[in-house]
Structure formats: C-alpha cells, structure tokens
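Some notes on the structure that comes next.
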Amino acid sequence: ELNGTLKIFSDMSNPAPRAVMEGLASDFDALHPNLTVELTVIDREAYKTQIRNFLSANPPDVANWYAANRMGPYVSAGLFEDVSDLWEEPAIADNLASTKSAMTIDGKQWGVPYTYYQWGVYYRKDIFAELGLSEPSNWDEELANCQKIVDSGRACYTIGSKFLWTAGGWFDYLNMRTNGFDFHMQLARGEVEWTDDRVRQTFANWRQLIDMNGFVANHQTYSWQEALPFMVNGEATAYLMGNFAVSPLREAGLDDSKLDFYQFVEINPDVEMAEDAPTDTFHIPAKAENKEAAREFLRFVASSSVQTKINSGGALGQLPVNAQSSVDADKFLEQGFDMLSSNSPGGVAQFFDRDYPAEMAAVAMEGFQEFMVIPDNLDEILERLESVRQDVY
Amino acid sequence: MSNAPQASARAKTFRPGFMARNRQVITPLLFLTPGILFFLFYVIFPVIQSFNLSFYKWDGLGEAEYVGLKNYKKLLTDRAFEVSLWNNFKWLILYLLAIPAGLFIALFLNQTVTGIRLYKSLFFFPFVISQVVVGLVFTWFYDPTFGLLNTILEQFGLEPLNVLGDPNLATYGIILAGLWPQTAYCMILYLTGLNAVDPEQIEAARLDGAKGWRMLWHIIIPQLRPATFIAFVVTIIGALRSFDLISIMTYGGPFGSTRVLSFYMFEKALSEYGFRMGYGAAIAVVLFVIMLAFIAYFLWSMYQDEKGAR
Amino acid sequence: MTGVKLQKVVKKYGETQVIHGVDLSIDDGEFCVFVGPSGCGKSTLLRMIAGLEETTDGQIEIGHRDVTHLDASDRGVAMVFQTYALYPHMTVEENMGFGLRMNGHPKDEIKSKVGEASRILKLDDYLSRKPKALSGGQRQRVAIGRAIVRGPEVFLFDEPLSNLDAELRVDMRVEIARLHNKIGATMIYVTHDQVEAMTLADKIVVLRAGRIEQVGKPMDLYRDPDNKFVAGFIGSPSMNFVEGVVEGGAVRVPALGNRIVKTSVNLPGEGHPVYVGVRPQHLSITEGDSDIKLDIREHLGGISYDYLVVGDGSKLIVETRDDREIPEGSTLLVDFDEADALFFDGETENRLR
Amino acid sequence: MFPRPIEKSSRSWQMTYQSLLPVALTLWLLPLIAVAIFSVKPDTDFTSGNYWGMPSSFEGFNNYGKVFFASDMPRYLMNSILITVPTVIGAVALSCMTGFALGIYKFRGNLILFFMFIAGNFVPFQILMVPVRDLTLDLGLYNTKTGLVLFHIAFQTGFCTLFMRNFIRALPYELIEAARVEGVAEWRIFWYVVLPLMKPAIAALSVLIFTFIWNDYFWAVVLTQGIESQPVTAGITSFNAQYRAAYHLMSAGSIVAALPPVAMFFLMQRHFIAGLTLGAVK
Amino acid sequence: MTGVKLQKVVKKYGETQVIHGVDLSIDDGEFCVFVGPSGCGKSTLLRMIAGLEETTDGQIEIGHRDVTHLDASDRGVAMVFQTYALYPHMTVEENMGFGLRMNGHPKDEIKSKVGEASRILKLDDYLSRKPKALSGGQRQRVAIGRAIVRGPEVFLFDEPLSNLDAELRVDMRVEIARLHNKIGATMIYVTHDQVEAMTLADKIVVLRAGRIEQVGKPMDLYRDPDNKFVAGFIGSPSMNFVEGVVEGGAVRVPALGNRIVKTSVNLPGEGHPVYVGVRPQHLSITEGDSDIKLDIREHLGGISYDYLVVGDGSKLIVETRDDREIPEGSTLLVDFDEADALFFDGETENRLR
C-alpha cells in the first residue's frame, strides 16, 4: 500500500485542464488513503522555463511534459526516470503502443502519454452558411472561400502570434501539405537548407493568404487566447488550432451549431496528408522521492478508464492515447479521431517546437511571425534561419 | 607549574594591548563582515562566474564545454544581438527625456497652494507601482482594438495604431511606458532640489533683473545640478536594466524588435527555447561593460566629492 | 536725488504685523544703519525697500519716485546678502556682470564695468575663479562688486559681515566705509554689531518690535539716548542700570549703599522709581568695605573689565585702565561722576532730561 | 522659491492654475484611472465593447471579491509580504553595520570597499542571473522564499550601504569623538549613539526597499516558480493567464497587487521621499 | 599629579607634517590656552592629547602616565567641542550621565553626579529637555556639564564659545573662568579669540605652523613678546610695526619722517633693518603737515580708532580716547613715547632686548 506524499507539478493551468488535473489528483488520493497527493499547478508558459529548475532543485514525484524532442535535454541530463519497466507491463505496452516511439530515446521509455489532440481548422459554421460556403478540400477552394470571407469584411483566420508558436502551427501544416511529412522532418533534422526552393514554395503559399488579408490584423500583439474573441465576435471565421481551443470557444458561446471543424486542406496532391498531434505526457523526475507512488500514478493515468474520463468532452476534450479508451461522443473528438486514424497516411508530427531543436525553433517561429507581418522580408528571414541552421546542427 | 601563572599574566597584558591598539581596524572589520560576505557571495562572485561562464557552452543541465571566445564571436554576427544593442541605445537616449519632463512637472507643482501636497504625491504615483502593472496598464492603453490610445486617435480622425505590434513603434511605445514612472521619479528629485535652491540667490537674481526662463536657465538649473546628476544616474541605470516592461508588454516581440540586452540574455539563458547559459553570460558581460562606463563615471564623481571630505 | 523715504510703511504676514507704520527719510548719499534686537524687523524693512517683500501699506519712495509696487529689478537698488548669494556656478567675473548681462548691456561695457569694480575691490586676480575657491572676505568683496557694477543709486546691505571672522570683519568694515566715501551712493545697512553701527553710520535707526525707537547720528545716540532701550543698546559693554527712587529732588540708589545722586534733570514726583544709567568706563572702583563684590576681573591688555555683583544680586560692569590684580571676591566701593549719569523714568523708561 | 509663488501673481492666473492642476493630474494618471474604472465594471461591458464608458453597473465588490476569495491572489500577497518584510529587515540591519563601519572609521581600503558596494549596486543584475540561480539551486533554496530573501538582502546591501554610509557621514563626527573621549566602547557607540540617530534613515530606507522588493519581478521569475513562493508581481501573470481577457478581473488584480506600495507611499510619504533623495539611486 | 606633558610631539598626515616636534608641560590645575592663526595646529594638538588623532612621533603624558598609544576612551580626559556634540536623542540628564552609564556606574551614583554638575551649571530646570529645546548657551553648559560629571583630571576645550553670539560669549567666558576656579582641574583651551585667551589663561601657548612661538602668562606675552609674530598676535588692535634702520646706535624710521628712535636694547649692526613696534594706544596724533594721512576714523563711543596711511603705503592704527571729528584725508603727526616701543630684528623677527 502506498504512503507518504506524492508531489505532482503540472502545467495544466487553463481552467478546463486545471479542473481535470485537480480531479485526477483527488481521485488518486482517494484511491490511496495513506497517500497524500500534493498538486502544484504552474502557469503553462512559465512551466516551460521552470521545469529545468525544479527537476534538479526540488523535484516533484511526477511532472507534466511533452513527448519527442522536447524530452531530449532532460533525458540526456539524466533528470527523467527510465520507466521502460512500465512499458513492459502489458496494460501499457499493448494499449499505448502507438506512442511508444514518441516516448523512446536511446531505446528506453521515459514517461507515459495521457492525451493527445488533433490540430485542424475550427470554423464558424454559421458564418460559412451565411456566406454560402462549404468546407474546402483543396487549396484553391480554400483560397476562394477566403476571398469571399474577406469580401464580407471579415478575416478568414484568427491567430495570436505574440508567443510565436501559433505561427509554428501554420508552418507545420503549410510545409507538410506542400512538401510532405518526410521533408518536414528532414528540415527538422537540419538536413535541408532553409533557403531551399521547396521551403520557399511553402512560404509562397502562405503568402497568398497573407496578401489577401486572410489573417486578423495585429495578431502579433495577442496571445492565442486573446485572439479567440475575433472568432467569437465573428470578425474572423476560422482558427487553425489544437483541439484545446474548443473548450474556451464553447464557453464563449459558440455551440456546435456555430462551430465546426475541418482537416487542413490538401495543397500538393502529390504528398500524403500528415497531421500535427502533440502528445502530452507524465514523467518521473530522476530525483523523485516517492517513485513507487509515482509509478502507480503513471499506471493510473495510462489506464484506459482514466484516459477515457480525462479526455472526455467535458474534461480535457482531447483524445486518449490508450487504445482501449473510448473517444467521447463529442463532435470534434470524433472528427479528430477519425482524421488521425484514417486520414493521416503521411505521418503524425508532434508540433513545430517539439520536433525542431529549441534554438532553431525559437528563431524560426520568430521568423514566421515576422513573415506574417512583413512578407517582403522573406529572403532576409530565410537567410537568417539558414545561418542558424548551420550553427545549430 | 611555576611557569603557568607567568605565561597567563603575559597573555593578559598582551591581548588587550593588541585589541586596544587595533580597535580602529578590528571594529569596522567585524561590522563589515556579514555585509561583505553576503555581497561577495551573491554579487561579486557571480559577476566573476558570469565572466567565466561566457567562455563556456552550457545548457544548464549537463557538463559545460569550454569554447573560448566563440560566444563573443557569435555575438558579432547575431542580428538579434545587434537589434538589442540598438534598442538599448534608444532606451538610453530616450529615457533621458524623463529628466526634462520631470523638471517641467516639478516646476509646475512647486507652489504652495492648498492641497498641493496631495497633488504632488498623486503625481508621484506611477513610480511606486510595479513595472508589471505599469506594463499591463500600458498594454491595454495601446491595445489596437479597444485601447484608449486608438479611441483618442479616432476622436481626432486619425488612423488607428498598433503600437506594440509595429516593429518600428513598439520599442518607443515601451519606452514611453517606462518614461511614465521615471518622469515621476525625476519630478520628485527636482522637487526636493528646488526646495534646496538658495532663496537668497533667487532674490539676488531678481534684483539683477533675471526673470522667467532666463532665471531658470542661468540660476535655477545650475543649482539643480546635484538633482540632475542623480536623475541622470538613476535614469541610465533604469534604462539599462529595463526588463519587466518588455517582458510584460511584448515579450521581446514583434519578432524580436523590442529586445534589449537584458531581455535577450534572459531569453537566451532561461526562457523556454533558451538555456544557452554561456551565450547569455556573454550578453550580460557586454551589458556589464556598457554599464561599467557609467559606473566608472559615477564612482569618479563620488571620488571627487570624497577626496575633500574627512 | 536718490534719497529713500518711507511713509507709514506697514508689513503684515497674514495676521501678524511685523512693521508697525515706519516713517523714515534717508538723504542722498547718506549711510544709514538699522540696528535692533533679533526679530525686530530690520531685514524685513530692508527687503521691503529692495522690493523683495511686498509692502502691505504705506509708501516707499526712492529718489522721489514711488516704488511701492515696482518690481525689485526696476527699483535701481543693489543688495548685498549676509550669505553673499553668489552664483556658485559662475566665475567672479560672470557673477559681477550677470545683472548687466540680464539687462542686455553690450559685452565690452560689461567687461569695462566689471574691470573697474574689481580694481576698486582688488579682485583682479580672482576674476576667473569660482566663488568656492575664494575666502570669506573675497566672497564678500565679490558680492559688493556685483552690487557696484550695476551702478545703483541705493545700496542695501543685510548683515554683510556677520559670516566673517573677527579680523576680517574689521578689514571689511573699513573697506565698506572707504567705498562709501568713494562712490557716495546712499547706503542702508542692517547689522547687530555695535561697532559696525557706530563706525559706519551717518545715521543710526534703532528698531524695536517693528517700530523706530530713535534715529540719529551715532554719537548722538550714544551720548543722548531717548530712552533706556536705546541707551542700553548702544555702547559696549552695555550701560549699567541701577534702580533708584526720587527723594527730595535727587535720586536715592539703594543698590549703591543708598547713595544720593543729584541731578538737574526734570525728575518725576517724589517716590517715583527711576533708573540711573552709567557707562562702564564712567564707573571707578576702589577697594573698601561694602556689599559689592568683585566676581571676575578680566585683563585684556591695556584695559580690564570688572564684573561686580551688588548685594541685591544685580550686576555691574566696570571698565578700568589698570592691570592690577585684585583678588576675586574682594569687596569694592563704586564711584562715578554725577554728570555722567543718565536718568530714565522707571515706568515709561523714557529719558528724563 | 522658483517659480514665483502663485499667490503673488494675478488673480486670473491663480484661478487658471488652480483649475489646471486637476486637469493635468487626470491626464497624468489617465491610464491608471482607466484601470481603476475597469476594475469595477461588469464583464458584460467588455463583451459589449463599452471599454471606456462609465461602468454600466458597479461591480467593484464582485470583482474584488473574486480576486480575494476565488483566486490565488491572497497567497501571492502573503508571499510578497513574507519576502519583502524579512528582506527589508535584513538589508537595513546589514547596511546599518556596513554603513557605520565605512562611515566612521578610517582604515585602508575603506573607500575601495565602499566603491565595491556602489559598483555592485549598479551592476546590471542580469549578469548575476545564471550564477545566482545556480547558487540558489545548490543551496537547495530554489523556489523558496528564503532563497529570494537572501539574494535580495545581498543585492540591496549595496544600495543600502551607500545610503547609510552617506547618512552616517553627514552625522556630526564629534558625537562619536565625544563618546570615545567619554570612554564608550565602539560597539556601544554604534548601539547607543549612532543607531538612534539613524532612525530617520532607517525609516526612509525601509520604505524604499519595501517598494523595490515588492515590485521586483525579474528575480521572482528567476528564483521562484510556483504559488508556494512567488510574489504577487509574478503571481499577477498567472492570475492574468487564468482570467485572460477578463479585463475587469485583471484590473482588479493589478490594483490589489499595486496597493501595498502605494499605501506605504501614502503613509510614509515623507520618509519615502527623503529616502529617494538621500540615497538617490536604485 | 595630572599635569600634561608633551615631548617632541609630531603629527604627520601622510607626507605633510602638521606638528613639528612640540615640547610643552602643563602643570596640574593650570588653565592653558592655545592660540595661533587658523590652521596652525591648535586643534590637532588638542585632539592628539585627547587621543582622537594618532601621534606620529614623540610622547604624551597625562599625570605621569604615558598615554601616547592609548585609545581616547582610556585617557581619562574630557573634551568640550565647538559644536557641543550633544547627543540629540538624549535628554540633558541622559547626555550628562551617558559616559558613566556606559562605564557601568550604578544608577544612583550617576544621578547624584549629574545633579551636582547641573547645580553648578544651573541646569536643574532643563534636565529632562532634549538639546534641541535649549538655547546655544544652555547647550554649551550641558556640554561642559557632561565633561564635569565624569570628574576627569584634564579638560580639553576646542573653541567652545565660537558658536555663540557676542553677548553670550562674554557670559560663558566668565562662567568657564568661575568653573576653573571652583574645580581646579587642568584645562587646555583652544581659541582664536584674543579676549578669551587673555582673560582665561594662566598660560598662553602661541602656535605658528605647528611650532610653539612662545609660552607664558598672558600679560607677559603682551608686555614682553619674544618675537614680532607674538607681539602682533597678542593685543587688539594689533601692534603697529614700522620698518627702521639701525643708524648710530639708534633706529631711523623713514616712514615716520626719518624720526630717530633711541633705545637701550642691543641693536644689531649699523644699517641692519629692524622693526619698531608700538601698540595703538601708545601712539598719539596731532594735526599737522606730514605724509601721513587719516584714512578712516572710527568712533566707538569712548574710544576711537584712527586708520592712518603712511607715505610708503603702510598702515598704522591709533587708539585715542577722544571723540573729536577729524576730517578724513587730513595729514597728521604721529608721536609715541620711546619707552613704549619694542624692537625686532628685521631678518629673524626676533625681539631685540
């Protein structure tokens, strides 16, 4: 029987995820009467810088983080506990197999995923209807739609690029649709020059939308949340975003009759569709004190029932990783699940700043933001990125 | 046996003698020790460590790798560094506007009408408020959709501005926000400075026929030199340390156009995509060297003052 | 031409009245000194003449021109302040030329006037120094020079020497006297130094609590004071006063062993209290039995002061020209020539003549 | 006095001045007034675009109630107090001692030590960031109030020493000499003679340091991370993340965060200003 | 028992030597006054005796005890400072008792000693006041009281009266003299006030540039100075010096119309320059044709000072007892009794006897 305290640090600071995390903690607490669960929720942005400090200074027993490249520095610095043993247990090995590769570095596993979510275009169904538009399926339709929207005095897309990563999402999609998943990953590994014509093509496509005033103005001043009201108020009709945007949009009054989802359209028919689906994870810091309880907690969050529960529409509103879990009967989750399981043959990417090395990502996303504001600076931006690429790799 | 009392007697006479003779050295040493220890540990050593660190490549987690001057070489070609440096100079120059502005307000308020004390303290308000709050307040003030600024511009039939979103304006927007509390600070310095102006000199100048601006220029401002000096020092330091406002208002954006060295170094060293400690340290060293010019100036003028004194 | 005339001049600060209707006329070229105890309004009066304080009531004329409501800079006066009030950031030359510069005089005129003033005051060698680099006396000279340069018709001085040490004070005093002789302008001078007042003044104005007590030439005030206040105030060491009573056309002084002092002045009625005033140098002592004791004898070289305690506790000071040692505590007999005594009404304190 | 006292000028100019004052003040504090008004507005005012009009209803109690009872603000405020007060005490105590030693005694290196404190005070604190963070981590004080307090004390000691030393310098040195001639031991001179005379400086400095520390954001971000130790300046950002776009609550939160130093300023105005002009530097 | 003895005392600040080997012995109970021009080292010497300045070389003894390297607090002296140096946060009583309290004396002893001192100084009514609430003279008394309370054997005063105004200064001077009479402790007193030095001292030490010029009783220094410096320094107004030349066993004084002054002192060889010194009160003037002009005449009431300018530009001061008005600029004849003249070597400036 577990005892002592279990310290959990979490970055689920937005209201809905926060509630989920708190629920998770208290459920686990209730399950183990002799164990006290202490939960600390840290602002999502702040968490990203603080994790390094607490991992070495005052490590909790369990911490949130992200899969893939983002784990790299901590794994190589020996700050995460190797949890390969858990991955040998059938409950996990069998049911979480789809993400095992994302959790693997050096042949070992370093954490368990608890959720992932699709990215895609969330749009105002009612406005589309008003303008007589339908969900586009290729780039031309997309552009045509957008033109109509712009003509109606709206922007096609809202975006808040103050903290840069939202622009990374756009690049992911445009690049994967223009050049394909494999090229995207080659670029991530630094194997392609940023001044490559293929990269330029991606930006050329992007520029089409920019030049037609497809994006809301002044997006560089807003965070992603601050960009939400444009969509809610009908000043913009769509948002390329992760599924976590659904909950605040709903809260703001966009019910399912007004809000809908479609997969980012095909641009280059020669490449296979690929999607961003970031996976969020739990890890045990190497210096954790109560590792036994921590492992139990990881088992707990990996279990199908828990993942079903926490990913439900009323909770996180995301997709469970556990194959045994059921996807909530939520319109967006179902669509997302369908999309990822059947219509993403090219592959699944984590997200720009998770796939690309941090230094590269930082400079690149800044370049994307600049490009979105001043597209004419493209050459300069690409040269800058190229020189950073040569530095980083 | 017989030696013992003798020895202790000698010790007795010796020890107080030593203490007494060195009382003027030992006492200050004892009083200084805790302060110096704290200061050494938290300020002096870290400065040295930072210098040292700037020759290493280190991600804050693993082993540091010695790279010599590589970080500095890289700075030379780092566009973001260049932008930061330029912005720092903009800050330095424009922040100094707080000095005349503060003087102007101080002159305006240097009266004895009823309630003036309350006015003075209300004018001083912005300085007491945290820069975080000032930053927030000004962010809303500038907000391109609903900000008060654009509401006012609209009243005058002018185009709306996205101050913080425009790479050409953002830095100035932040500086303006910074000038707000800084001006209040300078105002207080000048108010007390004006208080200390020798009234007899003003009277003498009145008899000499100096009035208004000429009085201000020839008599008052020269006498406000100490206040101006202090205002200058604190403003320069404020300008070079500017971090809070940038962090709150633009987070260095749009696309890095509002970075200054202090923010850039934070970004490089401790932010989400940073953790290049050595590189960050190198930036800090550059900042330190710039500041050193002012520190040297300040110390030099202090030294001039001290030379004559006791 | 440029005398100064005050008519019923009144100054109030809010409710408190500081100057109570002063009438005074100072002639062209006269050296007039205001004296009086601290807080009596000397500075206030001077500053009203300068235009630095507003005049609540009454009229001030300078050279037959009503200046009561003119600005300080338009009155054609110059003032020398106790603290000198030199502009610390200007050189001596700039300090002296500042007034002319502000009034738009051409550069070479300024230069020549400053040159002239600095010659008079022997400041030529210091023209390019800042006030900080000058001694007290030099600073004071610069302050005077600044006043001279503007060629005003009336000079005002507010205790100009009180920040100097004793020796310098003497030198500067003589310097000011010489200056007055040379330029002959009207000068009004505030001081609380006896010696300055006596030696400099053509006319002394004794003020008390915002009112004029007496106006006159120094020696007139010294010899012929109008009341006890002026008598006690002028002369150093102060005049000795002993209480007496009118008895049979003379004054009986109990403190001096019931000595009867005869006098030709108009004494008040029998039994009326009076004060008998005798200056220290008019008293003489001889050893002898009495209830007057020597408290301390001070030798200054040449003269000595004897501090005496009378039986009733009052004190007397005697100035003598001898250096003899008299043991402290000795009893003494005090004598004076009746012609040297002055008499004051015990109630009104007015002089009895 | 310059400019000329207004009472001495014409009646009409006096009136103009009197009426100009409130106008100028309003303009000067406009951003702040706006926030104050924001903080008592109902949220519907923001959704309906009534940003700058009068509040459609007074929701001050509601909004501030939320800040105090439904958010972490009280925790953050408490943290701020627990960080600020010990820092003030520590820095003032240390600097009384260093100031005494540097201000009273003549010994070789006095001026150099003093200049070291001054120079340290002017150092761009970014240069300390990485090493101090590591030092704090090594001491096991990362993300504790103690860690923050210790650093603040050390860093403020530079400024405080400058302040105290100059203040002590300005005390009549004869007082110390008089005590020495009277046979008083040095530490007793410090305790019985110098310290009582430093009361005004201590008050001024305390108020000043209180404001500096309360308003610190940078070190709060560098050395702490969570609700258990972060002060309110850092807390306000998480608070804002929580209530993103709820401007009425963000405003109320900001005002709550800003209030203690403002109150301090109002209560201790004289000391505060004396501090600024005496010590003169941050 | 508690005399003070300085032997070859030297003080250097870095390279600059301020005190050049002073030898001095002050007897038990003596009142010794240091005088000299500003910057001559009076304060420095006093502070070395107090232990507030380190002694660079030489030896200081207090009551036969070598205190050269003792801390101020161990020397058992009391000092009264020019600025009083009262602890502003303590009441008068606490101020006076502070030294005893710090040295662990019992409360009632402190109380009785403070009471005694305050009785002597008439401070009883002010015991619970803070210094701020006292007048200058009262503060000075408290400062003295603080010194008395500890019952030290040596009192040191550094210009204790120079911050008081003229009148108070006289009162306090008398007070200090009385105090010395009463408690009879050794006192060393620095001043640059002529009168204080003359009236208070048993022994005056005249310092110049860190060296002792002469030591002696006040009247001895006045009458019989060793050199021109002391002669000029003691006495107010200063002694007049005119240049002369030895001719035929007498001195010819060109400035006074080649007057030949006969004297019995040992004059140097023929043609040797000498100074003739005459005190102002020993000069007399009569109107008459000469190249000596009256520059300024100052009447002080009772006495007058005449400032004369001699043909060669040198100046003379004459003290007269008359109040006559002599027009400024008149030419005058100056006379003096040869017996009153002192002679000094023109080169060494030493007195010729």
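Which chain is which? They are A, B, C, D and E, in the order written, and residues in each are numbered from 1.
One rule holds in what follows: a residue touches a chain if its C-beta (ideal position, glycine included) is under 8 Å from a C-beta of that chain, and two chains touch if they have at least 3 such contacts.
The structure presented is a predicted model; accordingly, all values stated were derived computationally and were not measured.
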Required minimum of steps from subunit A to subunit E, each step between chains that touch: 2
Most remote chain, CA-based centroid, reference being subunit C: A
Distance-maximising chain from subunit E - centres being C-alpha averages: A
Contact-richer chain pair [A-D vs D-E]: D-E
Centre-to-centre distance between subunit C and subunit B (centres being mean Cα positions), rounded to whole Å: 55
Inter-chain centre distance, subunit A versus subunit B - centres from mean C-alpha coordinates, in Å: 40
Between subunit E and subunit B, distance of the C-alpha-averaged centres to the nearest whole Å: 54
Geometric centre distance via CA averages, subunit D-subunit B, whole Å: 14
For subunit D, residues contacting two or more additional chains: 133, 221, 237
Contacts with 2+ other chains: residues of subunit E: 71, 74
Sites on subunit B at which at least two other chains make contact: 23, 60, 219, 270
Touching residues (chain side subunit D, partner subunit E) in the complex: 172, 174-175, 177-185, 188, 192-193, 196-197, 199
Residue numbers on subunit A that touch subunit D, as the complex places them: 9, 13-15, 40-46, 50, 53-54, 56-58, 223, 225-226, 228-229
Contacting residues of subunit E [partner subunit C, same complex]: 38, 166, 170, 173-174, 177-178, 181, 192-195, 198-199, 218-219, 222, 234-237, 279, 281, 295-296, 298-302, 305, 307, 323, 328
Footprint of subunit B on subunit C - complex, ascending: 50-52, 71-73, 77-79, 81-83, 85-90, 98-99, 102-103, 146, 150
Contacting residues of subunit B [partner subunit A, same complex]: 59-62, 74, 77, 79-80, 143-145, 162, 164-165, 167, 250-251, 253-256, 267, 270-276
